[in-house]
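Heads up, the next two complexes both have chain A, just with different partners, chain B and then chain C.
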Partner chain A sequence: MAGNSIANETVNQSRNREPFSLRRFLTNKYFLYCVSICLFLSLWDYVAREKIFRDSLARPLEVWDQLVLLTQIKFAGTHLWGHIWASLQRVLIGFVLASIVAIPLGLFMALNRYVNAIVKPLFDLFKPMPPIAWVSIAILWFGIGETSKVFIIIIGTFVPCLLNAYNGVRLVDPDLYDVIRVLGGSRRDEIIHVCFPASFPAIFAGLQISLSSAWTCVLAAELMNSRDGMGFLIKRGMDTHQPTLVLGGMILIAAAAYGTSLIVSLAERRLCPWQRTIDNL
Partner chain B sequence: MAYKEVVVKKPLLLIILPYASLILFFGLWQAVVQFGIIPNTLLASPSQVLTTFIDKLTNANPDGATMGAHAWTSIQEAFLGYLLSLVIGIPLGLAMGWFNIAEGLFRPIFELIRPIPPIAWIPLTVFWFGIGLAGKVFIIWIAGIVPCVINSYVGVRMTSPVLIQMARTYGASSWQIFTQLCIPSALPMVFGALQLALAYCWTNLVAAELLAADSGLGFLITMGGRLGRPDIIVLGMICVGISGAIIGFVIDQVEKKLLAGIRR
Partner chain C sequence: MPTDSQTRAKIVVNNLTKRFGDLTVLDGINFTIKEGELLAIVGPTGCGKTTFLNCISKLMPATEGDILIDGEEANPKKHNISYVFQEPTCLPWRTVRENVAYGMEIKGVPREERIERADRIMELVGLKSCADLYPNQVSASMMQRIAVSRAFAVNPDLLLMDEPYGQLDVKLRFYLEDELVKIWQKLNATVLFVTHNVEEAVYIAERVLILSNKPTHIKAEIPINLPRPRDTISPEFVELRKQVTELIRWW
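On to the complex of A and B.
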């Protein structure tokens, strides 16, 4: 009988919850997600079946069959996993090498104005050049082997890594410096306890950007010429006009890019839990 | 004057160093090629690149078009793709930020397409549209639309909830809140997208032209590679870099004009 007292507010509210209705069900987020995916796939299937792009678009199921087939037979010398590993290896080598050099350099530039004065103009010179523009000259210098592909990836990942490490330190909230100065910290304390932790989120954002840039670069390099890798699958599909192979390669590379970026964001959550992000993004 | 002006003097070394580093870089580059440490078949010296540039302004050989024609093709493609991605991407992102139905319907598709590098679309676009203008505009559109949608979406989502609640209290309709509150507060983010999208478009333009084209700055680079002419490759790279930087600068200025008075 005490249903109307303030103490029972929660109980009342839960009782007042709106009843199930068709309108609410139709505008539910997850229902719409399902509708959207289904619509997308059926539209894709319809366009492919009606041959609107003639025979240049494969149906989703055909693409799936092609991928399953690739795991069973050897294509150009290796299974599907071999191709995935070939691309992944290139991305990892280039990514790790570039970030090992670029992040400390970026931090140095932000902390020391003399280093900044020397490196910044050179960096500004190379910054606007798209990494893919290096493909031709990389082939000229290093041939068509692994080195040229890793070189392009390094070029592509270097810029965002360095830029974000640099800006991460420069855009640290000045209040934090004031706090540590008031507490009597030395320059070294400032760097270790303020600069590094505060620039971590920015550095990780840079890593994410450079990772996606690395995938773009490895793809470009493999499309130009290669004998294995996911870009090779796409290229072979293009040359022999097999849309299933092209689409299969696209799906694979999207999945790989998504997987690696997921790993980086998990690492970020472990390594810098103080970062605040916008939810639902 | 009550206060003494504080004059911070920049050390002379700091003023000189940037120029010194640039001069040293170009000098080293010239010297390395001049004295044959790196053979001329692998790298062209800055002076050679400059000569080639002046020559290419009027001479269509050896790749079939003059510098101006290549640049014009590239700029045309980039701008068409860029404008299309703005026109479609920004309204889509804004709507996705505010309307549940728009978010529910478009977000999954967008998330599916987003991780695919735009370059991966090149083979399909060649199948579908050939190697002409349409194909390249399509690739550039795909490249540019991603940052547009993300930034406008986040911009709307970051609208201060207090403002929205206040508008609701005063009886504003959902549409009024969207047009008069969310969109203006998302504007700085949207302008951030303009720069980002441009950088993406420009990168992918070069990629598209490297793989499938018959003119344009990226094509110039490919031809240089095929002909074994490092001076043409370097020239192409520098032109792509400089034009990208110029366009970025122009957009930056426009942004400053339009956003004057909005605190960022």
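On to the complex of A and C.
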């Protein structure tokens, strides 16, 4: 029906298909990604070969070989996987503990002005303090064991988690409250049907920031004092002048941080399917 | 279509007054809406139309006066009041179907009936094909239809509409207005439609109330007894439109 088609839109799923051409291939996004990465690796290799940083920069393949070697032999009593797991474990414990306290607290602050009035001034006081500033005091309090490392991670992840949960609720479109009020919804309905779901994306954004902060904190803690973990590999590489070990540790920690952030993204896609948009609409 | 003799006053508004400090926005507004009537309210820009609707819907307390539904003071918890806002207000985390059922959920309609009523209304407005999409996957006009469907789905005692089609182009607007009239006739709802568009008011309503400038009161009432579907270029239509336009002109 012609009349119906005015407003009954259908989802456009067709895509423009153009024939293959050299120009199209050369301007393809993924091709250019490869070019970019290859150029970077060649530049790195060139700088290392020319010894611009004397012997303190290893070639990419040497770093790779070092990492492969670490999977085969024990370094400081632990395999490569053991070192990765040591750091990952600290990050996960700190991150989980911080988020299960910070997210509900942030939600409470946004929903109740008395809770807000009590917590906000303290929070504002501690917020600008960089988490790394806590390293020394943490060691004085908890010694050089696991507790002090986890403590620093909690400090570093708490702030973004809380802040995002708080803002997630506060930035809800006020019209959505009007809708539910006209319908005769109670305060409880408002919280369940509007506040919580609306704050989800902001909470996940907070978790992502927290996670990257957690990796920064674990690295700082391990550089200070540790006997395992990826930060330890970097520190040991520096102390014994092994650039392959330093760079290998850096790459590993980046990969681990990327991996965990990917997991949070997947969880978000699972829990907030409504954020997905359809291309070209 | 219901006629005067068969129907009683569903909504009675007595002396509705709203002041913000010294500023009187609404000044003693009195009117009634008959059961199953589609009443349009037009007024010059800035005459407090939104304040008016917010008072009627009880989002905002009135300074004086009462709003009675079936002889009782209007109460969103007790009566089914629906409100279609100027901006589409869908919950982005619910699919189209869940959005249509949202009002019924808050009203505590049992699940079976919710699904059945949502399906019936989506069928009526042609939302069936995108029932499982999320609001960010449909266009703006579709979002407004979701809000309209949600509003009708609770079988409202009173349905308030605040220039719901203000943002749309003329062609689509007429299409959605026809659709609105169709649903209204089918479900026999009592509708209060606020707009600044005179043509729209004369096109859909059974009766048009004209508001004055601030402090706002009702300046005139014009019944529209034209047969439907209405022809916007018939002499009668044009005459009524002129009459209403003359009453709200401020230039």
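Here is the rule we use: the second predicted complex is superposed on the first by the 250 of 281 C-alpha atoms of A that agree within 3 Å, B and C clash if a C-alpha of one lies under 4 Å from a C-alpha of the other, contacts with A are read in each partner's own complex, and residues count from 1 in each chain.
Keep in mind that, in the parts below, a residue touches a chain if its C-beta (ideal position, glycine included) is under 8 Å from a C-beta of that chain, and two chains touch if they have at least 3 such contacts.
Fair warning: this is a prediction, and the values are worked out from it, not measured in the lab.
K.L.:
Going by the touch definition up top, name the partner, chain B or chain C, that contacts more of chain A.
P.N.:
Counted on chain A, the partner with more touching residues turns out to be B.
K.L.:
Tell me which partner A:Ala254 touches in the superposition: chain B (first), chain C (second), both or neither.
P.N.:
After superposing on A, A:Ala254 lies in contact with chain B but is clear of chain C.
K.L.:
In the overlay, answer first, second, both or neither for which of chain B and chain C A:Met238 touches.
P.N.:
Touch partner of A:Met238: chain B, not chain C.
K.L.:
Could you tell me if A:Phe142 is touching chain B, chain C, both of them or neither one (first, second, both, neither)?
P.N.:
Neither chain B nor chain C is touched by A:Phe142.
K.L.:
Taking the superposition as given, does A:Ala133 touch the first partner, chain B, the second, chain C, both, or neither?
P.N.:
first
K.L.:
State whether A:Trp64 touches chain B only (first), chain C only (second), both chains, or neither.
P.N.:
It touches nothing on chain B or chain C.
K.L.:
Name the contact category of A:Phe108: first (chain B only), second (chain C only), both, or neither.
P.N.:
A:Phe108: touches no partner chain.
K.L.:
Considering only the touch criterion stated at the top, classify A:Trp85 as touching first (chain B), second (chain C), both, or neither.
P.N.:
In the superposition, A:Trp85 contacts neither chain B nor chain C.
K.L.:
What is the contact status of A:Gly184 with respect to chain B (first) and chain C (second): first, second, both, or neither?
P.N.:
Second partner only, chain C.
K.L.:
Where on chain A do the contacts from chain B and from chain C line up?
P.N.:
The overlap between the chain B and chain C interfaces on chain A comprises residues 278, 281.
K.L.:
Contact residues on chain B for chain A in the complex?
P.N.:
The contact residues of chain B facing chain A are 13-14, 17-22, 25, 42-43, 100-101, 103-109, 112, 115-124, 126-128, 154, 157-158, 202-204, 206-207, 210-211, 218, 221-222, 224-225, 228, 230, 233-234, 236-238, 240-242, 244-245, 248.
K.L.:
For chain A, which residues are in contact with chain B within the complex?
P.N.:
27-29, 31-33, 35-37, 39-40, 53, 56-57, 113-114, 117-122, 125-126, 128-137, 139-141, 212, 215-216, 219-220, 223-224, 234-235, 237-238, 241, 243, 246-247, 249-251, 253-255, 257-258, 261, 278, 280-281
K.L.:
Name, in rising order, each residue of chain A that touches chain C in their complex.
P.N.:
Touch residues, chain A against chain C: 3-4, 6-11, 173, 175-176, 178-185, 189, 193-194, 197-198, 200, 272-278, 281.
K.L.:
Which chain C residues qualify as touching chain A in the complex?
P.N.:
Interface residues on chain C, with respect to chain A: 57-59, 75-83, 85, 87, 89, 91-95, 102-103, 105-107, 126, 129-130, 133-139, 141-142, 145, 154, 160, 171-172, 175-176.
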